[in-house]
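Look at the two complexes coming up: chain A is in both, with chain B in one and chain C in the other.
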Partner chain A sequence: MSGDAILTLSDVSISFARGDRTTQAVDRLSFAMARGECLALVGESGSGKSVTALALLGLLPKQGTRISGSARFDGAELLHGGAARVRGRRIAIVFQDPLSALSPYHRVGAQIAESFTIGGVATSDADPKVIAALAAVDLLSPAEVARAFPHQLSGGQRQRVCLAMAMACEPELIILDEPTTALDVTVQLSILDLIARQMRARRMSVLFITHDLGAAASLADRVLVLYGGRRCEWGTSEEVLSAPRHPYTAALLAALPRSDHPSGTPLAAIPGRFDRSSLSGGCAFAPRCAVAEPRCRESRPMAAPSAIRLVDCHLHNDGGGA
Partner chain B sequence: MSPSPLLSIQGLSVTRSRGRGSPVPILQDIHIEILRGSSVAVVGESGSGKSTLAKTVLGLIPAQAGSIVTWASGTREELVGRSRAAFVPLRRHLQMVLQDPSASFNPRRRLGESISEAARALVPTLSRAAAEERARGLWQEVGLEPSLFSRYPHEVSGGQKQRAALARALAPEPSLLVLDEATSALDQSLKAQIVNLLLELRRRRDLTLVSITHDLGIARALADRIVVLYDGRIVEDGPSAAVLDRPRHPYTAALAAALLPPVPALARAQLARKSGDLKAPSPIGCAFQSRCAHAAEVCRTGEVPWLSQSPGHHTRCHREDWFS
Partner chain C sequence: MSAPLLLIGLAGLFAWAHWRTRRAGKNDRWAAHARRLAWVITTTLAVYTASFFLMRATPGGPFDGDRALAPEIEARLRARYQLDRPVWVQWWNSIDALARLDLGPSMVLREFTVQEILVQSLPTSLLVGTAAVAWMILIGLPLGLLAARRAGQWPDAAASLVAALGQSLPTFVLAGLLIPPLVFGLGWLPAAGLESPAGLVLPSLCLGLPYGAQLARLLRAGLINTLDQDFVRTARAKGLGEARVISRYALRGALVPAIAFLGPAIAGILTGSLVVENLFGIPGLGSHFVQGALSRDYPLALGLVTIYTLLISISTWICDLLLVALDPRIELG
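For the complex of A and B:
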């Protein structure tokens, strides 16, 4: 698949220095994404998923941030200053909170028009292109929305506006950073459906960052699970979500209340909590893993890069499964 | 021993004035009976009025009509129409945990101090030493390491802070705990831990739980009964399993169908069945008709009847047979 990869990360590490303390947010992350595919980057807080997205777009503060490794988009390096050339043109992003992504002082139409301008197309806020962009994201009265200020719209409408802005420049890759987390479940469903349809119609590649395994299952072709800034496993959605091989993925799935869960009975919670200070040279999940062995704390498991299904777990790589 | 009522909400209506216009109804004609030791979840989307309901029960928002009676203190007390001062003696029996635990703590005070202070402020007979002892006991009960007791709120993680907020709410030994999206901001693995802790605390302390949530998965795990709110009205009320597995109101069915399972084929199929922007509640007739696939002529105008589906399971819907 590397032949037609749109995005390839090799050994990407990101750390932040603050005073004399260094935080390793992403630790030797490698993955590839095929053109036209939707890859879900799944993990909990502290897993490094959003930091990865910001690094790909060159949006991390320069002060105190150390980035190593390589991230190639269509062959060109994104890290170390390369992202500025493609950001907002060939790669776009949608954030979790649309209210902070939109300017409160400008009408929605003007903000969409600006995205077209950045993409190299001169336009005004009354342009039919702006109205068409708003209609394309299923807004019921696009002309009215174009004249509105962000605070006059509902959360779901705002997120649709952000999607319209992101897609205005016809990007090849769109990064969605928890786009539906702050929304009601019914609104989430209609926005995910919109994304799925747009992805197919525009043949966009989508990097979908989420902590919601159900949302990942609905949209993604492949899933990459992160824990503590490190990769746990990568495979097709069916492989990772229906037949997880990494103990962390399995535990995360088991902790969800299933539709046959009897009410009032405990959930299968993962004991302990993520603690960056306990990260060692071993597996990041070892301190909370139910099947960890001494070697899991000593050496870090890394799947062979050539593997069809990448599982970074000693127990799996024995061939015994986990 | 037959179960005794702890909280009885009858015909409750709450309106909010906006500028000079006529007041906007937030909650209309709410009836809920909550038995001692039970666990009820109130679910709905944003704007459904679920947080307003929680705040009204705790006396933080005044009600315009109806009654809220509680037996939490051991005797019958009416909450509607009570002044803030008259509410104070009841606070120890009715406690709340918020979505953002930081909101429950003074950032300049150590967590442990905030908890003993909550106990002393609401239970005046408690000595300083007894309050601290109680706080330390609760600290352990909610699963926190003793070394964190004298930390400041910003020095602990979100999950630890939510456990501390639970300890603070339990400090005056309440009978009723209202959880307003208490697990919503937490990671999946922490959510499960807090749900399990709440189940354990409920059993051990004979607590009555009212969980305000938009998360049906959490509602299923935590509550034995689910009340569904839409546009300020109860549209369905029944046992958790019945409401979630065999919803009898189209809105509940829509909420249940929006819960995506982590199974790609099922999640994709669920997504494909849904599209378009959601319409606002209808001001006349059934509020849900503007979004309802089963709406008929009868739904356009007038009051919607409150019908019994089975013992303890009711819906507000004209279309009795839409699901068959």
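For the complex of A and C:
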């Protein structure tokens, strides 16, 4: 997959100060996304996925948040106030919880119509466009849904509405922040299918944030694995998910419940739990890593930026891997 | 006999609301309004009755002046105002008169009926009260917005200080602080009277400021809560400007608790305040409220209680309608 990069992050760090305590949520994160590509940002809760998304759109609270580094969207800087010019116009986002993401006070149609107004289309002719936008996300009676209030819709319907709202302005990049986590499994599948079709039809670039490796495999061209706000591994989804090279990715994949194990087999788990206070100058995963060596706790592994597949691990980089 | 008719009508209203609910479903708005109206009348009657017997149980009477009246004159007065009849007969007769919207004669200001007193002073109170409501909103809204937008920073602290002062300063202290510079220093405003519109400024400000302060605190708390919610973040993500995000989305949620407070507040403002009226020489309702009770002017005190009850009930009703319009998840009950 070649082509120009639509989004390039270099050394992005985000920290929050509460009182005299500082939390490092994202730590020198770098990656690039090609135009038209779907990149999955994978990691457990607290790995900095959502914080990265909010920072890209300039939606983090200003007070107490420190952001450094650079994130360029189509050449223009997004961090430090630049996002306000593009959000809702060229970059859209769908949030995790479709119940709280929609305003309870306004009809669904009015909330979508607003996105058209921002896109430069006058509100007067927005109505048929609203219906069309709702029909495009497979809602069965779009005219009825447009008149409804969010509390009158089901979770799946609401998430479709959120998708319609995000795609209304024909964004070049859409960020999906765990779009199916709050939904039940059958609805999850149909929403993922909808996203895949819309992605191809509209040729949008998609930043897909998830902790669901299966969803990442089905949707993404490339996968970026995060741990403790740091990058672990980046590569095409086939490579990363079938032949993981970072011990954390390997452990994550091994922890997936498998249907071919006989029932009663204990689920595999990564020993220990993520502890932000144990983050040191070394590898973030070292305290829980089965193959960690003393140097893993001392110096932070960083893959050479030129590599086609990036694995931020001392052991891997020794072996002279790709 | 009007009281029986009133009671039959009231029962009919309840029955109709019940029938309508069964036919048109639980969310029928006409049934809700009918039930609400029936409860307003019931509440008013209940408050009237409770006040009636409380007043009669209080020692003293309307004819205890500075000078004792001759016994035969007092007996004639008591007979004229039917005070010689049994209390429950008096109560029934006054309810009967109330059903004809007749509040009776004043027993102290004997040349006037209670209606005449109301016609003289209610418009004044409503005028000052409306101006005070305007002050309340003019002060409460920007102060609450500013405090919430800059929560935890110095504008918030300053706004909260103003709100706390406005709420805790007694009206006469506030007036004492405002009158010297504005009236005697700069000479912008008259000290008393409502002869010119300028005379309205100070009394309505003194009346409205404490309520404005309370409104500011409610709005601040509500806004801080809604500004943090996901749908406000969605509105920002859509690319809306901050002004539109606040006016269209955040304020909507913050207004819900504020409006629940506004109903009783507006009723309290409109019926006037003894202190403000005395300070600025305004012939309003507030002084009658206190005088009527102190001089045991039974019809006047009860008439004012009735008006106050109706004002509270109706403004709460209107506020509930506003809430339903504001938040589609709320239903008229």
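Everything that follows uses one rule, which is that the second predicted complex is superposed on the first by the 313 of 322 C-alpha atoms of A that agree within 3 Å, B and C clash if a C-alpha of one lies under 4 Å from a C-alpha of the other, contacts with A are read in each partner's own complex, and residues count from 1 in each chain.
Keep in mind that, in the parts below, a contact is a pair of C-beta atoms (placed from the backbone, for glycine too) under 8 Å apart; a residue touches a chain by one contact, two chains touch by 3 or more.
Predicted model, so just to flag it, every value in this text is computed and none were measured.
On the superposed chain A, the two partners chain B and chain C both fit, without a clash.
After overlaying the two complexes on the shared chain, residue contacts for A:Pro104 are found with chain C alone; chain B is out of touch.
In the superposition on chain A, A:Leu241 makes contact with chain B only, while chain C stays out of contact range. After overlaying the two complexes on the shared chain, residue contacts for A:Ala215 are found with chain B alone; chain C is out of touch. Set side by side, chain B and chain C differ in how many residues of chain A they touch, and the one touching more is B. In the overlay built on the shared chain, the residue A:Gln63 is in contact with chain C alone; chain B does not reach it. In the superposed pair of complexes, A:Ile270 makes contact with chain B only, with no contact to chain C. Of the two partner chains placed around the shared chain by superposition, chain B is the only one that A:Pro257 touches, whereas chain C remains out of contact. Of the two partner chains placed by the overlay, only chain B lies in contact with A:Val185; chain C stays clear of it.
In the superposition on chain A, contact is made by A:Arg87 with chain C only, not with chain B. Figure legend note: chain B and chain C, brought together by superposition on chain A, show a least Cα distance of 7 Å. On chain B, the positions that touch chain A within their shared complex are 39, 45-46, 157-160, 187-193, 195-196, 199-200, 214-218, 220-224, 240-241, 244-245, 254-255, 257-268, 270-272, 274-279. The touching residues of chain A, counted against chain B in their complex, run 44-45, 138-140, 155-157, 160, 184-190, 192-194, 196-197, 211-220, 237-238, 241-242, 251-253, 255-259, 261-271, 273.
On chain A, the positions that touch chain C within their shared complex are 57, 59, 63, 84, 87-89, 92-93, 95, 97, 100-106, 114-115, 118, 149, 151, 162, 165, 169. On chain C, the positions that touch chain A within their shared complex are 152, 229-231, 233-240, 248-249, 252-253, 326-329.
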